[in-house]
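Here chain A shows up in two complexes: once beside chain B, once beside chain C.
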Partner chain A sequence: MDMINEGALLEIDRLAVEFDTRRGVVYGLRGATLSIGRGETLAIVGESGSGKSVTAQAVMGLIDVPGRISGGDIRWKGETLLGPHGSRAARDIRGKEIALVFQDPMTSLNPLMKIGVQIGEVLRRHLGMSESEAHSRVLELLEAVGIPAPPRRAAQYPHELSGGMRQRVMIAMAIACEPQLLIADEPTTALDVTIQAQVLELLAGLQQTLKLSVLLITHDLGVVAGLCHRIAVMYAGRIVETGLADDVFNRPAHPYTQGLIRSTPRLDDHTDRLVSIEGAPPNMLAPPTGCAFRVRCPLAEARCEQEPPLVQSRTGATVACWRPDEAAWGIPAATPQARVKGNGYYDQMVAEYQPASVPAEAAAAASRPPVTPLLSVRDLGVDYEVSSPGFWGKARKISALKGISFDLYPGETLGLVGESGSGKTTTGRAVLRRLEASEGRIYFKGQDITNVHGDELRQLRRKMQLVFQDPYASLNPRMKILDIVAEPLIAHGVVRNSDEAREQITELLRLVGLSRDATDRFPYAFSGGQRQRVGIARALALKPEFIVADEPVSALDVSVRAQVVNLLQDLQKELGISYLFIAHDLSVVRHISHRVAILYSGRMVEIADRDSLYEHPRHPYTEALLSAVPVPHPETQRARKRLVYRGDIPDVSHWPAGCHFHGRCPLADERCSLQAPPLQGKADHLVACWHR
Partner chain B sequence: MGLFILRRLLQGLLVVIGVTIVVFVATRLVGDPVRVMLPLSATAEERAEFQHQLGLDRPIPVQFVEFAQNLATLNFGDSLWQRRPAMGIVLAKLPNTLTLIACGLGVAILLALPLGAIAALKPGGLADRLTVFSGLFGLSVPQFWMGLLLIMVFAVIFRVLPTSGIGPPVHYILPAITLGLPSLARLMMLVRSTVIDELNQQYVRTARAKGLHFHQVLFGHALRNALPAFITLAGWEFISGLAGYTVVVETVFAWPGLGQAAMQAIQHNDLFLLQAIVFTVAILIVAVNIALDVAHKFIDPRVELG
Partner chain C sequence: MAVLEISAPITRPTRLPPIVVELWRDKSGLLGLTIIVLLLLMAIFAPLLAPYDPAVQAVTTRLKPPFWVEGGSMAHLLGTDQLGRDVLSRVIFGARASLLVGTSVVALAGTFGVLLGLFAGYKGGRTDAIIMRLVDIQVAFPGLLLILLIVSVVGPGTTTMIVVLACTNWMIYARLVRGIVLTIRQSAYVEAAEMTGCKPNRVIFKHVLPNLSSPLLTLGILEFTNVVLAEAAMSFLGLGIQPPATSWGLDVANGRDYIFVAWWLITFPGLSIAVTVLSINLFANWLRVTTDPQEREKRFARQKMAERRRSRSPLISKA
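Our next item is the complex of A and B:
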C-alpha cells in the first residue's frame, strides 16, 4: 500500500466497477487508485466514458443495479465505505462529511419542493435541527453562496431560479453540514461561460474559507487550470497520470495527457491547426488489453500489450506508461494530409467548387475582401408567438432577435458566439429560411431571399446546408449511412435512389475521412466524431456554397473535437465553402473563424476580425466573456484577470429596455437603460455601446 | 386562483349546455316514447292525444325553449316511466352511486400507491412481477363477469355476503370491489411506472447524495413527483366510473343508483329522466375537472392556470 499516503482523507484503492448490460459487461472502472488529502483540490480529467463520474458515484454510494463495485476499496479517514458495515457508516457520512454537486442544476433539484426545504432537509437529517433552526441556517447558507434576498428565494421553487442560481443552491446544499470533502461532478458544464466564472469563483472562495478538500471532475482542462493543486488523468477506467497541476500541464508524461492538452483549443493562442488524437475512446464492453490507449498512441509498441507499470515521470508525477516522458505528438501538419486519389469524382468535385469562390487564404488575408459578400444580413429580426395557457389565452409576441446585420464572404468563416438565449441558433435558422424573419432583409449573392418561396426556395436550399449539434439525434438510427447521405440528393432530384449515388457518396465519405465500407452500416456502429463526419458529408452532398454549422463540435470529446474542427478547416481550404459557425465556445471559434460576431440577448453587440476582437475587445460584454473563458494553462490562468459581472442573462420574455447588457454593465448610465445603442464604428470593427 | 375557477366554471357551463342540447336532440330523434308507453292496441288518435299531452308534437325548437326555461329551475319534467319529477329520482339515486364509487375508488387509491411504489423499487423483482401480473389480470377481466364470480363465491357458495341490493355496509363490499378492481390495476401500474421513472431522475440522486434515509427519498421525493400523473388518472377513474362503469356494476348487483336508473331510462325511452341524469353527470364531471386542475396547482407549482 505504498501508493496511499497516511494522512489521506479519501483513498480509492484499485476500485473496479462493472455494469451488467444486455450486451455484456461494461467496465466502468478498472482498478482506479487515487487519494486526496485534507484541504487539497484534486481534479479528475477525462473524456466521456473514462470513468470519472463513476468514481464520484462510487464514493457517494450511488452505483445502482445494473452496476456493482466488483473490486477494490474506498476508505474515508482509513475506514472502508464498502461492505455491509461500511455502507451503514457511509449513509451518515454522505451529505455530512462528503457532499456532492452534480452537473446539471436544471434537473438536480426536486421540482416540487421549495429550495429552502430542500436545503433544510440535509440539516435536519444530519444535524438534527428543528424546522426553524434549519430555516435560519438555510438563509445563512443562501447568503454565503451569493444568492440575493435569501428569505424570498428560500420560498421559491427551482423553476423560478436561473441555472446559475440553481447551481448555487446545489452548492449551498452541499456545504450545509460543513463537509470536509466536496465532490463537484462537472459543476459548470451546463452553465454559460460568464455564469461558469461566477460559480468557479464561488467554489474557490468556499474552499479557502471552509478549508474544504475538493474533488473536481471535469472534461474541461481550462476549468482545472485555475483551480487545482493536483490532476489525475483518466482513460478507459484507469488513471493514467497523476501529478501536480503545473507539472502535468507543462510536462505531461503520458502520451494521452500530451494529446489531450495539445488538442484543447486555447483562447490565447490561434495556431491554425490543432493536434488531434486519431480514433475514439475505446468501447468499454471490450477494452483493449494492456494499455488501453495503445491503439491511438503514436508511441505504441509490442510491450504496450502488457499492462504498463506505474512509474515516476521526470516531474515526479505517477504515470502508467511504458514510454513516459517521450514526446508523442509532433508539430501538427500545416496542410491537410494528402488524400488517396479516388476514381476521379472527388477531383471533379473540387474542381467544380473552386471557380465559385476565391481561395480561403485570400479571403482571410484581406480585411476587406474585394468581392461581393456571399450572404448579407441587414437588420434581421425574429419574433416568436407565445400562447398563454388556457381556453381564452391570447398569443403574445416575443422578440427573440433584433437588428442583426452582417456579411459573409466567399471562403470565409464567420463565428457567431453567444450564451444561451442569445439568438445565435435563431439567426442561423432565419438565414437558412427555416424560420420567417419578422423584419430586415437577407441577401444571397446580391439577391434578396427574404421572401422567396416554393421552387425558388428549394433551389436556394441546395446552396445552403446545415450541420447539426447533436450527432446522435441528427442521424436516423434506422437508415444506412448511404441512405442518410443520399437523402438530400434524392430530395433535390439529383439522383433517383441511393444506389445511383453510391460512387458519389463513397467519395464524400472519403472526403470527410470515413472508409468505403461505412456506406452500408447503421449510425449505431459509429462514434460521436464519426457520426458528425457523416453529418458533414450529408451537408456537402449538394455541393453547397455555404454551411451553417450550429455547435457542430460541442457534443464531442476534446480529442475528437479537434479532428472535426480540423476537418472543417481542410474542407474549406479545398472547397472554398463559407461557414456560419455558431458556437458558445470562444476558444474553438478563435481557431476556426476569420471574423467573429458576438450576440447577447438577441442583439449583436460586436463584430470584428478575429484577432482584433480577441486582442482588443471593445464591448464590455465581450470583455467579460473573453475574460471568463478559462485558459488550459495554470500559470497563464492564474495571471489572468477575470471580470465577473453580477447578475443573470435576461430572459427572452422579459428583455430590458435600452442596451440589454445595462443591468450587468459597469459602464452603464441612464442613457443605456433607455436607448438601445446602434452597431457602429470603423468598417471592420463594429460595436454596439454608447461608451466605446 | 379565484379568477381561474370562475373562468373554468363559465367554460364548464358551456360544456354542460352543449351536452344537454345534444342529448335533448338525440333522444327526440332516436325513439318515440309514446310507442313504448302505450299498449300496442292503442289507436292513432290515442297516440296523438298522448303525444300532445307530453308536448312532443310541437317542433323541436319550441320544445327546447320550454326545456331551457324549465332548466333554470332544475325542472326536467316528470319521468315518463315513474310518473314523478325526474330530478327528484336523480337526487335520490345519486348518493348511492357516489358512495359506491367512493368506496371502490377509495380502496383502489389507498392500495395503488403503496403497491405500485413497492413494485417500482426493484423492477423485474418478485413484487414487481406479481404487481404486473395481477394488474394485467385486473385489467383484462370483464366487470360483469367479475361481479358474477364474486357473487357466486361469497354469496352463493360461502354465504358470507349478500348477493345484491343496498343495505348495511356489508352490502357495499362486493360491488365496491368489482367497481374498484380495474381502477386499482390501472392506478397501480401507473404508480409503478412513474415511480420507476422518478427514481432514475437526477434529483433523486441528489436526495440520496444528501444521505437521506431511503423512506425519505421514496416518499418525500419520488412518490411526490409521481402524484400529478396519479391524480389525473384517479380523476379519470372517478369520471369514467360515474359515466359508465357503474351501469354495469349496478345492474349486476341490483344497486339502486344512477347507473341503474340510466339503464332503465334508456330501456323505457324515458327522455325526461335521461336528460336529468346526463345533466347531473355532466355537472359532476366538470366539477371534478376543475378540482383536478386546482389540485395540480397545489402539487406542482410549475403548473400555470390559464
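Our next item is the complex of A and C:
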C-alpha cells in the first residue's frame, strides 16, 4: 500500500500504542498502517486483543491513561492529528468530520437526557444551530435512521427504547454533523440477529446516500461480507493482510486469514468439523518476535522469526508473510488427537459411560431411536417475579416461558435457538431445576423431577450439569483451577479435599486439552478459550449424562470457538453425553446439533431435525432468522434473499395476544392476533403457525 | 474492547514483594502505614517507653509546660497536668485504650454485621426483609441515647464501651455486605457452585465471602477511625474509660477546664487522635486503590508517565 495516498481521507501510518501495566508494557498496536479513501467502506477484522478497537480509539483521540501513542502518525486529509499542533486541529475534526458509533448503545447514551435533546446538543455545539433549527433537524435525522414516529421518540429517554432503536439513535447522532468518516466499533455485536440485519442495512444505505466513508471494526466475518469494499485483517497489533473483500474471502493469502475464514461456522455448509487454530491469541506483554502468528501457524519455519516482508498476493492484496498464498490448513482431523494414556481414570470414565447410554452414532442414525428419552419436557412454563413480595404481600408475576415441550435422547444434541428474551436460557435453567417451573412437567430418565427438592435434587445434580456462557465470570477468581474443578467432587462427598482428587483432576484437564501444570494456577492466567475448557472439565467431573451448554462459545474468539465446539463434539462421541445446546448463533448450532428448536418470545415456534429445519424452514420467524444470519462469503451474501422484518422483539412484560410473532409477520391475519397456534406437524418437524 | 482486556486483570491473588514496591512508591500511603505501626508499637511497649506511671500524681509539679516553653523542664517533655501527671506518659498509655477499643469494636461489629449481611443477601426473601428492617431500626435509633441507656444500667468501663460501640456500628457492615452479596449472588461462579450441588453454607463461606475481602478491609479500616473518635467522645462525656485508666479522649475531657491556662493538656492527646485518624485514612486510601484492579493500573501508568517526563527521554521508546 502506498504511504502517501493522495485520495486517502484517513491514513494511519505505522501507529504504535503502548499500555503501561504493572506486569510490563502491553503492546496494543505495533506499527499498524492503513488508509481509507473517500466513500470507501473498510473493515478491520480481528480477535480480542488484536488492536482493532485501539486503532479506532487512537483516531478518535480516546487513548487515555494507561495507554499512550508511542510512535507513528495519524493523518486526516494529509494533516497530522497528533502532537500539540495536531491535537488542536483534531478537536475540530473529531465529532464533526469523523464520527464514532460504539458497541454498546446503552452505556453511550446519557440515561437522563431525552433522545431529541441529546442529538440536538451535538447540532448546537458543532454547527451552532438554534434550538428550533436543531429540533427539526433531529426529526429529520431520526427519520433518516428509520425510527418510526420521530416526534414521539425524540421525547423519550434511552431506557424506553430497545437495543436496536438505541443503536439507530447513536447512528443518528453520529451522522448529525454530516461527517465524512464514520467509525463503527462492533456496531451490531450487542444486537440480536434480526435486529443486526436491520442496522447493517441502515449502515449500507447511509453510506450510499451520504457518500460516507465507513471504518467498520468487527470480529464477525459474516458482518463484513456483504458490506465492505476492503478488508484489513489484524493480528497482534499489526495488519497482516489488506485487500478487496472478495479477494480476501475467496483467496486469503495469510495463513491467519485462511484459518479465520475456515474456522467460522457457515450457515450454508455443515462440514462436521471446523478448522481450529490451535493455541491462544498472543500475550501482548511479550509478543513473539518476527511474525507474531508463527507460534500457531502450520507453515511456520525458521525465517518466520524475522520480520515478514509486505508482499503482494496473487489477488493483489498486501500481505505480511514469508509464505503467502500457500494453503495452511488441510482437511481437519476427524478424530481427536491421540491422548497420552494416564492413570486409567479416563478409560474408566469412558467405560462407565457406555452402559448407561446408547452410542452417539446409533442415536444420530435412527432419527427416532426406540429408546426412552433421557429428558422429556412437557408444557413447561416459567413465571418471573417482577416485584419483590414485600413483607406480607404477594409478588407480581409475568410469564417468561409457556408451553415448551421436547424430548432429548441419549447421546443427542438438541440446539435451542432464540434471540434475547426468547426464554432459551430460562428453559435451560428450568430443566436443570435451577428455576421453578410454574406449570408443566420435566422427566429425567422417566422419573418426574419437577418437584424434587433438597438432597434428592442434589443427587440429581450429579447427572445434569451446566456449562456457562461467560468463561470469565463463571470461575471464582480466588480459587485455583484444581479447587475449581474439584468443587463438585467435594460438594458431593466423593473426595474430602482437592488434593485427594488431584489425579482425577489432572485426567479431566487432559480430557479437555489442558496440561498438568494448569492445576495450581489461578483463572486470570488463562485465556478465554482455556477458561471455557476449565468450565467444561468442571461440568464433567461428576460424570453427568446430560449437559446444558448455555451459549458456551459466544464469548469466545472465532478461532478459539472452533476449538471448543470440536471439543464438545469429541466428548459426546466418546462419552455419549447429551447436550442441550443453547445459542443465538444459528451457524454454530448447525454444526453441533442433531435437532434444533427455535424459540421466540417464550414460545417454541419450530422444532425439527437439523437439516430439515435449515433446508426447509416452515415458520416465518425461522425464515427471517435464517436469512438474517450473515454468511461469511461476499458473493453468497449478496445473492441471498434477505427477509428483514420491521419491528422489535416484544418485551416480556407486554406480550401480545395470539401468536407472539404476528406483529412482525407478513402472513399475519386476524386469527393470529387472537389465538396462539399450537405446535403441530409431522413427527420430526413441528411448527407453531396457522399458515404453515 | 481490547484496552480493557489488556489492562484490567481479574483481581489477582496478592503476592508480597510487588505490594511492598507499590507501597514504597506511594509516599502518603507509606507514611500512613508507618505511623500506624509506630502507634501500635507504642501501645504494646507503653510500660517500657513511658518515663512515668501515668496515674501517679505529684502536687509539687502541677501544670508544668512542655520543655521548650519557658518554665518547662526536660523531666517532663510534654509537661504535666493539673494533678502533676506526666502528659507524655499519659499520651503513650492512652494509645492503648484507643487502639484496643478500636480493634475490638471493628472486629466485633464487623463479624456480627458481615454475618447478618451475608445471610440477608444470600437467603433473600423474608430473612432479608427481617434483617434489613432490624438494621433500619438500629440506624434510626439515636446512638447516644442507646449508649446512655446501656451505660447507666451496666455502668461505664472499657468492656461496656466496646459492647456499646459494637451495638451502634454493625449496621454499616450488614448493609455493605448485603449489597455486594446481591451482586455476587448473580455471578456465574456462584451459580456454578450451586449447580454442582454445594450446600448454602459452603457457597457463602467458600465462594461469596472471599470475594468480599477487599471492600471489607477498606471499610474496616475506615470504621476504625470512627471508633477511635467515638471512644474519645464517650470518654470525654464520662461514659467511657474511667480514671485511673487513661485514654486520649478522657485527657481531652479533663483538660478542657484548663484550656486557657495550660493549652498542652488537650493539645497533645487531641493531636494524637488527629494523627491516628489521618494516617489511617492515608493508608486506607492507598488500600482502596490497590484493591481495585482498574484504579491500580491507572495509578501505575500515571507513575510511569511521571517517571518518563522526569527522565526527559522524548520519544525514544518505540515499539
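By our rule, the second predicted complex is superposed on the first by the 681 of 692 C-alpha atoms of A that agree within 3 Å, B and C clash if a C-alpha of one lies under 4 Å from a C-alpha of the other, contacts with A are read in each partner's own complex, and residues count from 1 in each chain.
Throughout what follows, contacts are C-beta pairs under 8 Å (C-beta built on N, C-alpha and C of every residue); 3 or more make two chains touch, one makes a residue touch a chain.
Keep in mind that this is a model prediction, so the values were computed, not measured.
After superposition on chain A, the partners chain B and chain C are accommodated together without colliding. Of the two partner chains, chain C is the only one touched by A:Tyr524; chain B is not. Judged by the touch definition given at the top, the superposed model places A:Leu475 against chain C, while chain B stays out of reach.
Contacts of A:Ser53 after superposition: chain C is touched, whereas chain B is not reached. Contact with chain C, but none with chain B, is seen for A:Val26 once the two complexes are overlaid on the shared chain. Once the two complexes are overlaid on the shared chain, A:Met173 sits against chain B while remaining clear of chain C. After superposition on the shared chain, chain A has more residues touched by C, the comparison being chain B against chain C. In the superposition on chain A, A:Ala491 makes contact with chain C only, while chain B stays out of contact range. Once chain A of one complex is fitted onto chain A of the other, the partner contacts of A:Arg91 are limited to chain B, with no touch recorded for chain C. Look at A:Val596: by the touch rule set out above, it reaches neither chain B nor chain C.
One geometric descriptor of the composite model is the angle centred on chain A: between the Cα centres of chain B and chain C it reads 30 degrees, in steps of 10. Here chain B and chain C sit at a least CA-CA distance of 6 Å once the structures share a frame through chain A. Overlaid on A, the two complexes show chain B and chain C touching the same residues of chain A, namely 65, 389-391. Those residues of chain C whose C-beta lies close enough to touch chain A in the complex are 1-3, 5-7, 9-13, 18, 22, 125-126, 129, 133, 187-189, 191-199, 202, 207, 210-211, 296-298, 300-302, 304-305, 315, 317-319.
Of all residues in chain B, only 7, 11, 122, 201-203, 205-213, 216, 220-221, 224-225, 299-302, 304-306 touch chain A in the complex they form. Across the complex, chain A meets chain C through its residues 16, 18-23, 26-31, 48-54, 57, 65-68, 70-71, 103, 284, 389-391, 432, 434, 458, 461-462, 465-466, 468-470, 472-478, 487-488, 491-492, 522-524, 535, 538, 541-542. Those residues of chain A that touch chain B in the complex are listed here as 60-62, 65, 91-96, 99-100, 102, 104, 107-113, 121-122, 125-126, 157, 159, 170, 173, 388-393.
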